[in-house]
Amino acid sequence: MPTNLQDILDQIHEQVTARSDHGEVATYIPELARVDPKQFGLAVALPDGRLLSVGDAEVPFSIQSISKVFTLAIALGRVGNQLWKRVGREPSGHAFNSILQLEHEKGIPRNPFINAGAIVVTDVILASSSPKEALAGLLTFIRTAADDPNIYINEAVARSEKETGHRNLALAHFMRGFGNLTHEPELTLGTYFHQCAVEMSCRQLAMAGRFLVNARGMPHLISPSRIRRINALMMTCGHYDGSGDFAFRVGLPAKSGVGGGILVIVPGKASIAVWSPGLTPLGNSRLGTEAVHLLAQRTQWSVFG
Amino acid sequence: MPTNLQDILDQIHEQVTARSDHGEVATYIPELARVDPKQFGLAVALPDGRLLSVGDAEVPFSIQSISKVFTLAIALGRVGNQLWKRVGREPSGHAFNSILQLEHEKGIPRNPFINAGAIVVTDVILASSSPKEALAGLLTFIRTAADDPNIYINEAVARSEKETGHRNLALAHFMRGFGNLTHEPELTLGTYFHQCAVEMSCRQLAMAGRFLVNARGMPHLISPSRIRRINALMMTCGHYDGSGDFAFRVGLPAKSGVGGGILVIVPGKASIAVWSPGLTPLGNSRLGTEAVHLLAQRTQWSVFG
Amino acid sequence: MPTNLQDILDQIHEQVTARSDHGEVATYIPELARVDPKQFGLAVALPDGRLLSVGDAEVPFSIQSISKVFTLAIALGRVGNQLWKRVGREPSGHAFNSILQLEHEKGIPRNPFINAGAIVVTDVILASSSPKEALAGLLTFIRTAADDPNIYINEAVARSEKETGHRNLALAHFMRGFGNLTHEPELTLGTYFHQCAVEMSCRQLAMAGRFLVNARGMPHLISPSRIRRINALMMTCGHYDGSGDFAFRVGLPAKSGVGGGILVIVPGKASIAVWSPGLTPLGNSRLGTEAVHLLAQRTQWSVFG
Amino acid sequence: MPTNLQDILDQIHEQVTARSDHGEVATYIPELARVDPKQFGLAVALPDGRLLSVGDAEVPFSIQSISKVFTLAIALGRVGNQLWKRVGREPSGHAFNSILQLEHEKGIPRNPFINAGAIVVTDVILASSSPKEALAGLLTFIRTAADDPNIYINEAVARSEKETGHRNLALAHFMRGFGNLTHEPELTLGTYFHQCAVEMSCRQLAMAGRFLVNARGMPHLISPSRIRRINALMMTCGHYDGSGDFAFRVGLPAKSGVGGGILVIVPGKASIAVWSPGLTPLGNSRLGTEAVHLLAQRTQWSVFG
């Protein structure tokens, strides 16, 4: 860990917020379309207990697809490797909400981080929990990881997703047609839309991500081998069809969400959360990616040498 | 580095060679179809200069697609980031020789490790070298990295590929139709088939791979940032449509070839070469993958924590 | 018209029912799975008012996708060429229930005879009618064309489809996500499942098909130019991904349904209905196709010379 | 046949040539790119021996893909239904030069009128002829059908295609990789490029098309059942991915070429040739299609009633 990490964060903040090409906010979920695209926050949690941050790091945002990391951990805790009978572990080569691959591969989504795969993961959790219990379990998991009880679901966002979630309903019905969804699409998706509507600040998300760092001084909620596997999936599939580029430029496992947040893990060293609501055409935070790129460069944090 | 690494290698050798499900040798290249599928070799090069090995680690085999790692390093040395105008950095979601993606994405291959992408990389090198010079440069690069002058191209294998390389000719002509191949397909492919026909033993390949480890005591042929980027591409794209699974199970950047070899990099720690000619349906060495999986487990070598 | 048409029908009946390769009944709709696959009926309506038939020509069967011909005629009557803004006129090159093309072509189905296209056609009719009115209008149209008031919807079949219609729900939600469905998927599909559950005998269907023959002595419910266009669509798209083969072998416009029925039009000369519940893998009646092939051969009925 | 057919042709000529949206000439074959897009010709051959024409009906143009109709007739004469083991009979749902379908369907082209399928047809003819003999046989067939010895191959166009035919080479190598091409791609394509470079005027083409009309007073070069089948393929596949639309609008079997020509058959009644070099994005003559549409409307020529 660099001794001047706060300086680096300050520099990145200044550099990134000076840019005007912050991209556009996701518009397909009405509640998200209202967010001010100029916001930017960054927080880093370290094994020594320190939490460094800069910018709008206390502003809660919708974690959206970052929730898939937490539900994956929970589902693996419930059914272990049985999960991989219903979802694959390969990058998809398609957009986050594409249905193309599902038809060719008979309803088995390519990985747990594209929408179809995450819907199956939620469906797996619902095998042993009601929707209410599942969401309560998710909040408990996140709050424990973050060591912070003040993390909630934004009901307005959840409702907003439900009203516009035709594509996700299509994916769910399609998989149900192939027998790869055990509950009614409305039930599984109701839960899924709520998990996506969890709100956290960068500080909270960086804290919650510590369970994937595998370092002394960080919470150990799952086994080291499972940590490694989730990190591997984040590396190969965490940014949809921009995963290869993120691995190439940043070199760290990470998961993005269309709310503009990214959770980045530096194995053994740090948990990073960045947030800026403007997105690239692939659905990843534009300035968030840029900030993490600079941070990785200046700290020499990379898993690749 | 575990102190008992040789013991671990011996155990893995015993365990893996006892298995009968070694998969089938690639048959589409006649010369490769004759190789005895029961062979198995493993070698590990360490920063302290030691080279540990087990099994058929001195037997030369056809490195095939592993050559793509070396040509990528050479092409980046020639044209730098200009390369990325002609080839992408994303996993493909398709087989190593698929042409589907090329049509949708107008002749730009998804990454430099699928066949189409590697053919473009070779075409880039040919912009400043004749085929003879290009191949001589490749051998010089590999021999320098391996610190071993006895590395050669097997002409019979190169000819054998040429006679059966219809799919690669299709890819090359297809890209030329889109303007993404500057030389005649026969010229670029003639060079490509020869680079694939380089033969190395596990010992030689482990030695040659050291330039990607980024450790003191290892040769530094390219910059650390370039090392990290090549490793990133190996992680996300090194095993074709099995890359996600390899990252999940092994957690290390690696490149496989249909000759049954795999080059695996442990950033900062080791360069590993494994070889067993029997393949999975996706074209990766079955026992080789298994051996590396066991080695990563027992050494706790993983980039993911 | 051959003078010995009844003889031809009798020969075909004998020849076809002697075969044991009648194919398998559709199983994805439970109510249809119970039908005896050995049934076979054939009826021909002629401009002189005669109705010739053979076999089980009085047994009602589920017309399923043949209903798409009638709803297309009704929708064109309502909105005319505006329809073609929401659905194309090209063969799809994919299965009847494929979703692949919809993603590439932004929710516009390729033609009105694949499921997605037929769902849009029903959605168009619902713009000016409630589901009840739409179904009443469909029955009125069919009864008028057939000159027979005893044509009904089988509610058990409609319910059966609803319970297993996940794929159709996926298609509908997918198109709604693209803005190409104006009603709630449940509403449009509820109507669609009922239209598919109309039951008719071969005699009734051959009578109903007369409105597409464009001959003196046949009912004129739509304009000759519209007749020609619907026949053209039946020729190029009436048998899903087997349309080219049917055109090649039989040479007549036709529409098949998974209930095992086929409506075949001989422009200016006859309306033919055939029924045998066993299907080919593409979802078309196996013996029905064979019978029509023989009939076209022996009567020299072909639009192609 | 309308008594005032010449009047109709004159009106269509006036109406169509007044339009300025004639589309753009094919540019990928340099020799074709030089053609003046404002030319327009139309000719109709009737069973009574009359040949009516209008506009540039005596100007020779490159028939390009229209040649596929003649080679198909020749190949069927050589191997009969054996042909269908190597090529299908279904519309492709893709562009004329797409390679997508070939990968999914293992090197079997969907129909004989897309490029891949036509290359297979030529390959079939080469099984019993040298390229020279095959081309001589093709010219003999066409000259006999047209009753005109003055029909030749334009060598400059053939060479021009060869130099830019990368996509066709890709298709050929691809199929050879699947074992569905028995000769070297260069040999088969050399023949194919020459067959495409046959030049004919509208008058000559309308005369040559008579062998598909199946009428007394027209040449009978192939059996009526084969005529019907070729016409069926022209109807479902003759305009690439615009075949459905042409069937819908015109209602007649036809084959287009990128030289701007279209051969249209009115079974039992007429053979029509139209030419205007400007193309739609799908590669079919824009004004040619329009002219045939008007002609079919005014003559009531349609196979669909």
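Per-chain numbering from 1; labels A, B, C and D assigned in written order.
FYI, contacts are C-beta pairs under 8 Å (C-beta built on N, C-alpha and C of every residue); 3 or more make two chains touch, one makes a residue touch a chain.
Note that this is a predicted model, so its numbers are computed, not measured.
Participant: What chains touch chain A and also chain B?
Facilitator: Of all the chains present, none is in contact with both chain A and chain B.
Participant: Of all chains present, which has the mean Cα position farthest from that of chain B?
Facilitator: Taking each chain's C-alpha mean as its centre, the farthest from chain B is C.
Participant: How many angstrom between the C-alpha centroids of chain D and chain A?
Facilitator: A distance of 55 Å separates the two centres.
Participant: Averaging only over C-alpha atoms, locate the centres of chain A and chain C and give their separation in whole Å.
Facilitator: Here the centre of chain C sits 47 Å away from the centre of chain A.
Participant: If you look at chain D, which of its residues touch at least two other chains?
Facilitator: none
Participant: Taking the top-of-page definition of touch, could you list the pairs of chains it picks out?
Facilitator: Here the touching chain pairs work out to A-B, A-C, B-D, C-D.
Participant: Which residues of chain D touch chain C in their complex?
Facilitator: On the chain D side, the touching residues are 88-94, 101, 110-111, 212-215, 224, 227-229, 231-233, 235-237, 241-245, 247-248, 251, 253, 265, 267-268, 302-305.
Participant: Which bits of chain B are touching chain D when the two form their complex?
Facilitator: 98-100, 103, 166-167, 169-174, 176-177, 185
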